[in-house]
Every structure is written in structure tokens, then in C-alpha cells.
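Letters are used for the chains, namely A, B, C and D, taken in the order the chains are written, and counting of residues starts over at 1 for each.
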């Protein structure tokens, strides 16, 4: 995998993270190709969220590097990483509750559309921004909720909005942290379709508990157990992998059936 | 040298007094995450209640009763005020305590007027305990040191050796867990707030006769108290102790030594202008250490926060 | 906030003429109103108080750019207004003594730039953190600069402050700004300019993102925005408008003192802004007007006006954290539903007992205060037009009795109001 | 939003409309004096005490004797300036609007500076409604020197004059060899220190100034470190211009640290200070002041004081000069024959000689509008005190008197007369 010509979308080399004495991530190597849909699974406490936070710049690695399109981004701030084309959602809904749905989306757009810290544009008058925001609203099927406050939406709607904000900036790497957590079966199906739709032609990295979702969505799967990746392979191969079976998947798959 | 020792002792008195306020404030902050802007106002209430009681039954009952009364007032403030505002978030909480500080100052003026109260130290302590090179060290200050130390030791004992102390310490770090274990966390909050304010009131009663009992006493000490716990590190009791003593000595020594800026400037190779008064930099040349003494804590705080945003011994993210 | 945002989002959907009439109308009304105000109140004192109000409005709006828009609580914001003012006073003195050519109406620009400069400087380290740490640094910086004003006499003039004369500059269209009236119009023009500037700022990308950082700084970071830079820029913008207010202060009072920098001034602007309502653009305006009136009028009638103010403030924080404007905005929904009429009757019934309750509370405080602090031979006090002896027990008993009765009535009527309120807020079909 | 904003704007400015409505109805035939001083806040007791004395003096010395001119009475109208320069200027405007032409103020030289400056500008810009500033207490020497103006009259002895008198007395005391100067770090504190250095050098070159320092005003919590320095310096007298809680804090700390020598002060009396010092200040605290209450100089003065104390038992005559302000103003109005042409009244006041109720002659020096009068050194004591302060049993008794202090002192004032 290391020998490819085009740089990988994301590449982790010997990534480590400790909190005090506890080593949560113990040397992870991982490469995610451009355009790939990659899922990270693992038991609770395996460090999936920590790994996410390391890649997106929320935490600084204790050792090792994160490469984004071949560039070393370890230790950069979240906003710097975001500007390089990586966007993420959160496990706990993380939106702007006091703003309308439309405005939430628009906040996701402003930087990437070049407005940055501008105080010489009026946001309402930037037709490009409004049109793009309307398009995204349509993509996530929330046109009818356009002017509601985000804080009053249903849980599933808030999750969808979260994905809308995440993709709004046009990042080519999308990282979703448990996008279907806490959803009913029908909501989950809807969400998976939505994710598939909005991440077309993009690199997707998703942390997920729901094995149905994972096997449905992912091109490849990495299994993280106690801060180490014990396998990275296609869904089929992972399903049959003995180590994975023993460490984690067996019980998880049983749950599924 | 003898003057140095006297100043060490004076600074210790100031520092320990400051710590009596800071320890209560730190406890409250650790538990509830709110910086009680009105903390020094409870100190003032302590002094006024102490004074009022002393006019009827003397100083000693006042030292006991005033903190109890203030503690109950503090608990009531937590129960009926702060708890209500808590759900609006930290900024409204801070604003609430700020408003409370204003209100308490007005209430004190409403009842006691604007003049300084004639709050006297008890007669038995009105003698010089010892004197160093002609400088008398009043017995009352010795008494202050013992009271402050005593309060600190009792606090330390309760926090580390008793069951309730364990619960409080646990609640400091893991309030949700403690709540889940079936402890009445709101009750603990109210209790800690009451005890914290009562400690401020003890400080008020013992400081009132020395530092004066007047409506401006809270403002005068208030901002220094916040500065101290910010320097020490929000939520760190040991940090508060270190910072209190640091500031106590800093202020004492700054006032005690007439270092002139001019000497410093000459020392680094500048020449003093002939006609200093007319120079644009006259203020710089005539500056002395005592003049800047009271602003040193603020300066220290800014420097500490720029270098170590969590304070000297702090770890909690704010 | 919500109300504002919603309407804004809506207007973005409609077709956009250069300036939508709908949004220009309040501004035009305000301009017309400001123009006619001095015709109704031509006295020098009224003009002075109106100027004072205008400055406070600008200052409070600028403060709310931080507190309301960016969620930053500053305990030392007087500093930026004060520094801008001091700088302008020195400029005025340069005009007077060194023949610097500077028409007076342009002075606020320089005040603003100076305020901006200092906000930039101090913001470089204070805006790294939000919340308590920012509040504490602002307090420290505020105390520091207020203390420096006594020490650095060259710039701050020590305790006397710095004074000057606004009329020494070049005349502008024949105005030399000696009269209060001319100063009023100058102030009013700058009030409109500054308020419009701040209003528009809240509608720029940085203004919207400041809201985003206030609500959820982490999310904003993951959208490409550095929360620290957003706060810093908001802080600078606020400093700029504070500086304008400072310049107007210099023009109006022709003197700046330590008082313009100290904690009391910083505290009162927090009070004003919060009383008015931090979540609304108009909030600080209302806060500034009400506060200035309270301060001016109330202090004429009672010595303990600050106590009332303190009580009002604490009650506001506890029960109406959205401030006066929030209280009014609560009625927007019944209004839109066309059910505001439902509230009229219960409100009217409640009015009398509530007023009596407040009145008897005030009376009790005044009587006790008078009984405690009045001089011998001055036991007589006058309250609501009634003269009586404050040392007697009778008035106190009467007042307490009346108050208790009113309280009983209020409690009795409260459920009715609550019911009407729920009805009025209930949309059909929901 | 729009409808909402509009209605709010409407409401807001309707509120503003109330501003104009509080002008107070004029009583015909009275001459109003605006009393602009702190009536709320930390200095309210000083302000209220002054106000009481003004009211009492106006009634007792003028109105009960038939008023001025053709029987017009004095009326004191109080304005609360909250000891703020900004508020003072607003209240000044309000007062002028109400047609008041005499402005009395005294607390804080900073405020006095602001008012004198504003009065100067106002009188130039509005020649038809000029006003006179009666400064009864602000003692910054600059007000009658560099910053003097024709409309300002000072009835208190300024800081330099008081120091001149004080050092006269100190010079006569051979026991004093070492003097420590300490004051608040602002114009007044600096003026006191500078004057002390100047006069001591001239009158007693052998006296050593062992300390000369300024501390931040109103910011020192604990004066103990200062007290240590003073003791360590071996001073056998100290001089301070401190007032308010800075005075109490410094005085108590110094006495507590074992200082047993005289403490010469400007403002260590009344407003609770006398009561707070009580026994501790006996034999140590000395005040320099115009006007003596103990022993009473005359039956008239005794009767006047006694009547005031009876009427206002919580207040003292802490500022005896207020009686002079009222009497001299009445005289000037009678002499000018008008209470409306301020230039005439000001000319009548300029150079006026007056026999004060406090037993001194008062001359309003024409060159700088500084009142020249007897200045006393008073001791804080409980012995032989007819009129105590703060109802504490302690009061001020005259120890020595400097007749017409600094009568021929120089001034840098270049008075511009209309």
C-alpha cells in the first residue's frame, strides 16, 4: 500500500497517544486510499474516538505522525487540518443549537467559500453561499425545516444536520463518528443512504458500532482493539479473520443476528 | 535584617488572611465551576456582623456567631439564587455573583451607613506580643496567624480524613459519579457554599479591626482574591495556598522597600535626564516600588496566564 | 437571538434590492426621531443627558459585540472607551496648542482607531481562552490600566485627568461646536453611524461566526475557524466602537479622568447591557436608555437608588436572563398569533396589586432607611405625597399590611395570568 | 424584527422624553445655590454633612435675618455628583438650566478642577448666564495658581497655606529632628509633600526628612509595611495628607506598630474617623485646619455650633468655613446690589474682608481668589472638648494658631477679568 503513486488520503505512522500513564493508542499504522470508504470498528474503550481526535487535530499525538494527502499534519490545530480538506462529525451531536438549520449549514460553508474572517461582506447578500446552502439542505432533505432553530429538531434530524454541516465545506475527506448511534432501524437505513449520497467521490472514514451499517457501507474495515489495529481488510476478509473473531467480532456479530 | 523578619511575619499575616478567602472560593469553584465574584462581600458581611455582635456581647461571641450567620446566608444564596441561575450557564452565573457583590455592598450601606465602623480588637489582645528593633508586633496579629492556620488545618483534616471530606473530594473530580452513587450532590453544593462563605466571614471578623470595617473593604480585597486563585490555578487548594503567601509577601515587600525605577534605569546604563519633571518619561523615572505595589498581583496574573494558562498548580481546563 | 436570526434568514430568501425598505425603515425612524428630540427638549441639561445616553448606547452596543455576540464576559471594558477618549483629548489639545488641523467631527475616527489598537494589543493574549479565564484577564488588565492612570501622569493626567477645549479646531460649515445643540447633532450622527456599523458587522461572515464560536467553539474549529482569531477580531471590533464612544465623551465633557477607566464603569456597562438584554441587537440600546434615566431621575428622588438598581439587576439575572428586551420579545409569539389581546385583561387585573406590592416594598425600605439615618428633628418624611413620622411604628405596620394584602392578591391572580399566557402562546392546530 | 424593533425604538425614545420633565418649579424671590457633592456612594456622609451645614448656615446666618437685597432668601439645592467628574458636569448643566447661578462644591480636587474648567468655558460661551464657583473645600494649590480663573473662589486654606502654618508650628518644636512624609499618590498628596519639603528646608534646615513617599490612593489594604518603614526610619514626627479610609488605615497601622510621636494630618477628623481613632489617637493626632470649635472662640460661635449639633446630632461642623461662604456671598450680593449679574457679584467678592463667626478675619485675596485666614493646629483629644465629633467624646482642640497664614505668599495666577 505504501508504494502507490498518489499519496493516500490519510496515513498514520506509529501513532501513539497517552493520557498520563494510560497509553490509549499504542502505535497505529493505517493508510486510507483516496475515494475509499473506510470503517473503524472495535469494542468500547478501544480508542476509536481518541484515534479520530488525533487525526482531526483535537488531540496532539504523543508520538508518530498523521499524513493528510502526503503532508504531515501531526500537531496542527483542528481548523488548520479542516482547511486542508478534512471535515468531521461528532459522536455527541455537535451543532449550533441557537441558529437556524439554514445558518448552521451556512457556517459550514463560509470558510471554504473564501469569506474567512471577512467583515466587508454581508452574509445575506452573498448569493453563492445561500444557493449552495439551499442545495445542501436539499441533499439532506431538510428544506422544510430550513428556518427552525437547530436546537428544537428531533434527534435524527440533528444528526442529519450534523452531516450536512460536515460536508458543507466541500472537504474531500469526511470523518463520521458513529453517525447512526441511538437511531431506530428505519432512521438508520435512511441515514446510511444519506451518507452514501453525500459522500459520493469522497474519502469516508466512519466509526460505527452497528455492524450492519459497517458491512453495508465500507470498502475496507480496520479493527481497533486496545489501541492497536489488529486487522485491516475488506469486509468479507475481516468477517472471516480468526483473530478478529476471537477479539471482538464474534460477539458483535452475534448481537447483530 | 530585623526589618526583613518583621516583613516576613506581616506578609504571612496578609497571605494567610488571603488564603482564608481563597480556600473557600477554591472549594466553591472546584465543585460548581463558578467563580463566586461576591466572595469578598461575604468577608465584608462577616466583618459587619462581627462588629454588630461585638457591640452587644463582645468580640468573642461575634467570632463564633457571625460566620454561622453568614454561612447560612451563603447557603441560602446558593439554594435560591445560584442554583436557579446555574441552568443558564457559566457566564450568567458569573454575572449573578457580580450583581450579588454590588447588592451586598448596597445593603451594607443601607444598614450601617457609609462611614467606617469603630470595630476594635478585643482588649485582651491589645498589647505588643514582641517587638523587633522597635517594631511592635501586636498580639492580635499572632492571634490572626493562629486562627488562619487553625482553619486551614481543620479544613485539611475534614477533606482528607473524614467521610464527608472523601465525598467532597470525589465530587470535586467526578460530580456525576458521586451523584450516581446516591449522594445528594445539590445538598453538598449548598453545604460547601455555606462553609466557604463562613470561612470568608471568619476572615472578615478577624480582619475587620485591623484592616478597617467599611463598605469599600470588599472591593478592595475582592479582585485580589480572584487574582490569587487564578494565579494559583483555578480549583487547586495548594495552588491557592502558594499564591496567597506569594501575594502576601509580594505586597508587603513591595510596600516595604523604596526601590526606585531611576536606580534600575541607571543600573542598566541609562542616564537620568537633568530635568526629570519636564521629561516625557518623567513618570518612569520617578516610579517607586511601593507605588506599583498594588498592581503587581495583576501584572503577575497576566504573566502567569500568558505563560501557564492554567495557573501555577492548576490542571483543570476551564 | 433566535428572533433576529429567523427574520434574517427569511429576508435572505427574498429578492434583494440595494437596501430593503423593510430593514431601512427602523433606521430612518430613528434618524427622524433623533433629529426632532432637541426640538422637544432644548434645555442644556436635557441635551447633556441625551448625549450621555447616546454614548452609553454606543458603548453598550460595543460591549454586547463581546458579551452577546461572541459570548465573552469582560470585566474591564471601560479601558477601551477610556483610552480612546484620552487619546482624543490629547488630539484636541494638539489642535488647540500646536495647530494640528483636525475638524472635530472626524475625531471619533481617531478615537476608534486608538481603541482598536489597544484591543489588538491586549486581545493578542487575552482572547486565547474564553469563559472564566478571559473574564479574569479582562479584570486584571482593567485594574492594571486604571491603576496606571494615576501613575502615568503624562498621558492620563493623574487624578485630575486631562481636559481640553473642543471649540479650538477649524469650523465645519460654520459650526464651532460651542453650543450643546451642535454637539448633540454631532453625537447623534455618530450614534447612527456606529450603531449601523455594529448592526452590519453582526451580519458579516465574521459576525455570524462569532455567534457560532459563542455557541460551540469546538464545532467552529472543525469548520476551519480558529476560535481564538474569531474572538480576537470581535474584540478588536468592539474596541474600535468603544473608542468612538470615548471620543464622543471627550467632545461632550471635555475632560477624561480615572473614572473613565475604572472597575465601576466597566461594571456598570455590564449591568446596562445585561439589563437591556444581551441576546438582541436592540437590547443594549434599551438598557442604556433605561439605565441613564434611572440614574438621573431616580437619584433625584432617593438616596438609595443604587440599592434599587442592585435589586433590579439581581432579579433580572435570576428571572429574566434575556433582559428587558427578552421580556418584551416573549410577547412576540402571542402578537404574531394574534392572541395578544388575551393577555390584556389578566395583565390589567394584575397591574394594580403588583404596583402596590412594589410600592410597599419601596416604602418599607425608604421608611427603615429614613428611621435609621435621618437627623434628629427631621423625623418627618414624605413618601408618595404623604408626610408622616418615620420613627413611629404605625407607618411601617400600615405599609407591611398593604404589602401583604397586595402579595396575597398577586398570588391569587398569578394562575389566571399563567393560564392566559399559555392560551396566548398556543397556536391553533398544535 | 422590523415591527418589533420599531416599536421598541419608539418605546425607548419615549422614555428619553421623560428627561426633560424633571425641571423643578422655581420659588419666586429666592437665590439658589447649587450644592454639587457626593450624596450617595462611599463619600456620601461627607457630602451630607456639608449639605446640612449649608442649609443650616443659610437659614441661621441669612434667611432668619431677613435675607439679602430686598429680602430674598437663600435656598440650597442639592445635586448628587457621586464624586464623579462626569456626573458633576451633568449636574452643573442641570443646575444652570434651573437658573442657578451659584455653584458650591468641595469634595475632591479632581472634581473641582473639572468644574472650574467647565465654568470657565461655560461663562465664555454663554455670557448671558454666567455662574460663580464657590469652592469650599478643594485644596489643590493649582486651583488658585496655574489654573485660577475669575469665577472661582476658594474659601478653605489651600494645601500650601496649611503646610506653611503647620511647618511654622513644627519649626518651633525643637524635639523634632526627623520627619517622615507619606501621602496618597495623586496631585494633592504630591502637593503636600512638595510643600512640606520646601517649607521645612526654609524654616528648619537641620530637620532631616527621613522618608518621602507616595502610596497608591485607595488601593492599600494593609498599611503595616509602611508603618514598619516609618518606625525603622526613626522619625519623630510624620506628616500626611491622607483622607478617608487611607487616613484611618495608615494612622491605625502606625500607632499599632508602636509609633509614639505626633502625626500631623489634614483630614483625620469627623465622618467616623474621630470615633475610630478614639483613645489610640490621643496625644498623637494633630490636624491643620481653619476654624476652631474648641474652645469656642465666642458665645456666638458656641451658640451656632450648639444649635447645629442639636439639629443634626449625627453630623458635625467638620468644615467651619461653610459659614464664611454663606456670609461672604450674602455680603457680596448686597454690595453688588444684584444676584443676577455675576461679574458684579464676583467683583464684590474679590478682595472682600470679612469678620468670621470663627473669630478670624477672612480676606478673599484679589490676585488669586484664595481666602486668607487664621489657620490652627488642632489636637485629637477628649480633654476640654465642648463639641466632640462623631458623638465619641473625642474632638479637636486648638493647640496653636497661625494668624492670617501665608497672607503674602506668592501666586502664579494671572487673573483674566472680564
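We adopt the following convention: contacts are C-beta pairs under 8 Å (C-beta built on N, C-alpha and C of every residue); 3 or more make two chains touch, one makes a residue touch a chain.
Remember, it's a predicted structure, so these values are computed and weren't measured experimentally.
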Chains partitioned by contact, chain C not counted: A | B, D
item: Distance-maximising chain from chain C - centres being C-alpha averages; value: A
item: Chain occupying the middle, per Cα centroid; value: C
item: Whole-Å gap between the CA centroids of chain A and chain C; value: 44
item: Intercentroid distance (Cα basis), chain C paired with chain B, Å; value: 31
item: Centre-to-centre distance between chain D and chain C (centres being mean Cα positions), rounded to whole Å; value: 35
item: Inter-chain centre distance, chain A versus chain B - centres from mean C-alpha coordinates, in Å; value: 48
item: Shared interface positions of chain D, touching two or more other chains; value: 41, 44, 185, 216, 219
item: For chain C, residues that touch 2 or more chains besides their own; value: 8, 147, 151, 304, 306, 373
item: Where chain A touches two or more other chains, by residue; value: none
item: Which chain pairs touch, all of them; value: A-C, B-C, B-D, C-D
item: Of all residues in chain D, those that touch chain C in their complex; value: 1-2, 4-6, 8-13, 15-20, 22-23, 39-41, 44, 52, 80, 82, 84-86, 89-90, 93-94, 96-98, 109-110, 113-114, 117-118, 121, 125, 140, 185-188, 216-217, 219, 310-315
item: Interfacial residue positions of chain D with respect to chain B in the complex; value: 41-45, 185, 211, 213-216, 218-222, 224-226, 228-229, 231-232, 245, 248-249, 252, 256-258, 271-273, 275-276, 278, 392
item: List of chain C residues in touch with chain D within their complex; value: 3-4, 7-8, 22-23, 25-26, 29-30, 33, 37, 40-41, 43-46, 48-50, 52-53, 147, 150-151, 158-161, 163, 165, 167, 178-180, 249, 253-255, 257-260, 281-282, 285-286, 289-290, 293, 296-297, 299-300, 303-306, 325, 328-329, 332, 373, 375-377
item: Touching residues (chain side chain C, partner chain A) in the complex; value: 1-2, 5-6, 8-13, 16, 200-201, 203-209, 211-212, 215-216, 218-227, 229-230, 233, 237
item: Interfacial residue positions of chain B with respect to chain D in the complex; value: 3, 6-7, 10, 13-14, 113-118, 128, 131, 133-136, 138, 210-212, 214-216, 220-221, 224, 251-253, 255-256, 258, 288, 290-295
